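Report on the following structure.
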Amino acid sequence: MTGLACGIDVGGTKIAGGVVDHEGRVLEKLTVQSPAADVGAIEDAITDVVQRLRASHDIQTVGVGAAGYVDRTRSTVLFAPNLAWRDVDLKAELEPRLDLPVVVENDANAAAWGEFTFGAGAHVDDFLLLTVGTGVGGGLVFDGVLHRGAFGVAAEIGHLRVVPDGQLCGCGAHGCLEQYASGSALVRNARGEAAAGAPPARLLLARAGGEIGKIDGPMVTAAAREGDKFAVDLLAELGRWLGEGIASLAAVLDPAMVAVGGGVSDAGDLLIVPAREAFLRTLPARGNRPELEIARATLGNEAGLIGAADLSRQD
Amino acid sequence: MTGLACGIDVGGTKIAGGVVDHEGRVLEKLTVQSPAADVGAIEDAITDVVQRLRASHDIQTVGVGAAGYVDRTRSTVLFAPNLAWRDVDLKAELEPRLDLPVVVENDANAAAWGEFTFGAGAHVDDFLLLTVGTGVGGGLVFDGVLHRGAFGVAAEIGHLRVVPDGQLCGCGAHGCLEQYASGSALVRNARGEAAAGAPPARLLLARAGGEIGKIDGPMVTAAAREGDKFAVDLLAELGRWLGEGIASLAAVLDPAMVAVGGGVSDAGDLLIVPAREAFLRTLPARGNRPELEIARATLGNEAGLIGAADLSRQD
Amino acid sequence: MTGLACGIDVGGTKIAGGVVDHEGRVLEKLTVQSPAADVGAIEDAITDVVQRLRASHDIQTVGVGAAGYVDRTRSTVLFAPNLAWRDVDLKAELEPRLDLPVVVENDANAAAWGEFTFGAGAHVDDFLLLTVGTGVGGGLVFDGVLHRGAFGVAAEIGHLRVVPDGQLCGCGAHGCLEQYASGSALVRNARGEAAAGAPPARLLLARAGGEIGKIDGPMVTAAAREGDKFAVDLLAELGRWLGEGIASLAAVLDPAMVAVGGGVSDAGDLLIVPAREAFLRTLPARGNRPELEIARATLGNEAGLIGAADLSRQD
Amino acid sequence: MTGLACGIDVGGTKIAGGVVDHEGRVLEKLTVQSPAADVGAIEDAITDVVQRLRASHDIQTVGVGAAGYVDRTRSTVLFAPNLAWRDVDLKAELEPRLDLPVVVENDANAAAWGEFTFGAGAHVDDFLLLTVGTGVGGGLVFDGVLHRGAFGVAAEIGHLRVVPDGQLCGCGAHGCLEQYASGSALVRNARGEAAAGAPPARLLLARAGGEIGKIDGPMVTAAAREGDKFAVDLLAELGRWLGEGIASLAAVLDPAMVAVGGGVSDAGDLLIVPAREAFLRTLPARGNRPELEIARATLGNEAGLIGAADLSRQD
């Protein structure tokens, strides 16, 4: 089907909707505040966004990407850490209101599908998206099919264990990749050094007006771009962990490409180059096997919306 | 197609062939020595095995499982560490000789398919086989499809990195799961303790006639079955690493079941129970997600042959 | 000098004073509340305790053990995390009031000296005390001399790094022994398992009346003594980390004996036996070097008081 | 005593003797081949070297530094990995032949004493020498006294465990510092990268005439000095491990200074600067405690000879 689809990205603070054509172009986009604590209000807001976009476009299907666990039938949100949804059959709620077919998908999976179909992975069949933001997440596409897992909870790539007995993670386990390679890890490392009075952290601290608590991820990236060695090293450390994680994933999954998205990927080569180096240094059987491509994702924060729209069209 | 298929398992020392029916039963089996160093001789031996089995059964397809990298078209063996094959188009060589359709598959993938179709994983759609022998290998089935990877080299599960800066692996990387959870690791640990004169190792050493070099895996398993605490602990340590590795794989892949096969799995619950405990202890987000099943594989060393036969029938 | 000495142990909640003879016997003991937040009041309380003990005993010297960094001249407390002292010259304050010679010492050092002189280490010259309580601390005696370090801050044994990129420690570093082998680690592990609903933790949780937050160290020890496998395993895990740490310390320091004290050592062999096993399993050059002795400390919580008293007598 | 002393350094390939005055100056030096496999011949060679040096200098004592375990009485070599000595009472053998007082000492201890007395550590009381050559060794001086340990085998600093379940070490344990921070580790890493065809290793490989097996430590240092980024990174990696190890040692031992000697220390700041950075980054309680000094050792390969001579004078 080549009609227009509406993609909805439901986050903890904002709901974004977009009209997406069959080539992944966003023809129009509308963003509203997310009433995260009120199930009914979220549904009202989604309905409203779709109806307003529909006024000027012939939308035929709706895809909703949600930050949470979605069941295998792609209709029910089982659990969403930052939203009020608990076992909400979103498809059943929205379809009668909209009189349109609705598909629900985990947001990282939707983003992976978007990048696979229209973005960084458009030229391969086996693809892995790593999103590096507050946490580390991702999505997997194998032989052109989105991999959702037996229980719909696959691709929690940030919870690959990379250090036995390592840093305690919010998930209750120790040593998860997310504890070493996320934006939160970046900020924790930067602030930790600044708090310890490490001389290399001085420039970054000055940039934060001397307030350790004001150091954040974009500040580190900005400093690194201007050549601050300390900031460059912080990003390289993150990249190293990513690359080492990718080497493990390559051994198990053998994708043709890994794209790195999420807010921290704005650092570009400051993150990607060290990731590539670490990948090559730690790849098992290196030299006796083809080497996958590592690149930055290309759709930015619209990947989820575009992917959700396209998935609704596939159904 | 429900006709009979011939499965061939080509190892470094033996070639086993079996006539397999559509329910995975091995009607007849023939095992010959493997002329591993001579490409032509291996092909002759395979041909001979098929022809002899064919004399009494109506074989319609042939599946060959080989320990090596197989290309995505399932015809060419790219590289086989223990055999003379380097870029050998086995399908093209065998089909004219046999006048039968031939499919070539990596042996661990074939075994995974066998267990998935007729063995431990017959009741699930998303399945992971872990084979614990000299090394650690495995195969992946996602939504009923064997996962081969972009370059045909997926499922090298033994090369998931579990210890940063860990034990050097034969693959050139450090800290691979195989270095901690394989039969080789089991024997290395047992001999190491015996060599250091550790009192708990005394019973095992006596069992080996006092010769450290004679301690092997089956001996450890036998001792553990008879209650030797040292042997029990050695197997539990292996199980622990397996379980921790499975927890990481569950986060990324979300299979419904993991079956443990290979020679070391003869230890049964002495290996599986500690694996399950470690899996539960280290599973990310435990309590907020369904928990997969861990069980012993059921087809023993015929899994590869049965799987290869069935894959030839699918084509 | 074989006269009587007064030992004072200043903690965050209590001040204990004891009259100690030249054979390390505590002839009389007095314990009062510690006014931890008020420097002058602590000094008043110490003075009062000494004067009251002096009424009935001929005290000739006073040794004060304090939980904090003490300078090399053994008079000034540089920093005490749980007390108001910051650069307080305690010797100068107390001597005029008491008209007695005063020596100030770090409390863990004092305890090590006590155990070395009258307790578990009385038969050796090179001794290491490991105290396993809320944290992990200790003291070192080399060739009969208490080792205080260049800056007076030696023997922070709990901050030996045992896991690179490991658990974040209160000291700001990652992977410190204390994060794996202390009573706090024991309780964290116990509660974590209980919170995750782990079946083996059920008995322990029942013991805590179903309230996870009520699980504490003595409860784990009590459960282990009664055979609760889960509690036994928790203590064994702590013991394993201790033993592995001791193996590293043996390589560097080569003591004749390591005694394990502190509250968690009440678990006795449930802690010591696994520590010994792990020590032997991980000792470098095992078999080519003598093996030190690992035993439980014998003076209990009076070790610090006895040691401080004796140190004042040495001066 | 301020007379002249003779220092002897007995290695696996050479025996070096020197006449050393009371200010640590080497007045004359003689080096001969070491007949390592023949106990009697080594003793003959030592005797010969002393007698020849004595011809022109008034030698009053002899100190022998030997690569092996030496008993606490400083007379008997218990075990020497590269020499024929097994329980040889060297003092008893040499004194009658030379008619001079002889002291025997472990060579790394002797070097530590040399650096402490006349070299990098001459201004401090608490000193640690780290020697980074084929392996990692060292010596400890606490409050001006050489620390030999209860069994004479202290200061095996290379066998501090830095990675649990890490690289197997020649000592039988896993994860020893020596496996990450020695010249052998440097060469292994360099060759490993070259063997894997890593592009950054190309310049170094060219320097070795394309033969991977010819890459050695001095070559890496030379390349790094000329700015080869790959070689610089290899040395920095070694320095990082050293610095992290020093942070652990600082927590336990609190020395005022750590000097880095041994062949790899020829790399100077290329090794020392990264070590210092890693030390500061991982020091426990950083900011709340004084920070030790890390510098390069100053006596080069004469440290052992000078230290042995001086120790003989002390006796």
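As written, the chain order gives the labels A, B, C and D, with residue 1 at the start of each chain.
We adopt the following convention: a residue touches a chain if its C-beta (ideal position, glycine included) is under 8 Å from a C-beta of that chain, and two chains touch if they have at least 3 such contacts.
Every value quoted in this text rests on a predicted model; they were computed, and no experiment measured them.
Student: Comparing the two chain pairs, does A-C have more C-beta contacts than A-B, or is it the other way round?
Tutor: A-B
Student: If I compare contact pairs by residue number, which of B-D, C-D or B-C overlaps with A-D on over half of them?
Tutor: That interface is repeated by B-C.
Student: In angstrom, rounded to a whole number, how far apart do the mean CA points of chain B and chain C lie?
Tutor: 51
Student: What is the distance in Å between the mean C-alpha positions of chain A and chain B?
Tutor: Once rounded, the distance between the two centres reads 34 Å.
Student: Measuring from the mean C-alpha position of chain A to the mean C-alpha position of chain C, what distance in angstrom results?
Tutor: 48
Student: Residues of chain C touching 2+ other chains?
Tutor: 163-165, 172, 174, 196, 286-287
Student: Spell out the residues on chain A that touch chain D in their complex, using ranges where they run on.
Tutor: Chain A reaches chain D through residues 164-165, 193, 196-198, 200, 277, 280-281, 286-287.
Student: In their complex, what parts of chain C are in touch with chain D?
Tutor: 69, 79, 124-126, 140, 142-143, 145, 147-157, 159-164, 169, 171-174, 176, 244, 247-249, 251-257, 282-290, 292
Student: What does chain C use to touch chain A in their complex?
Tutor: Contacts found on chain C: 163-168, 172, 174-175, 180, 192, 195-196.
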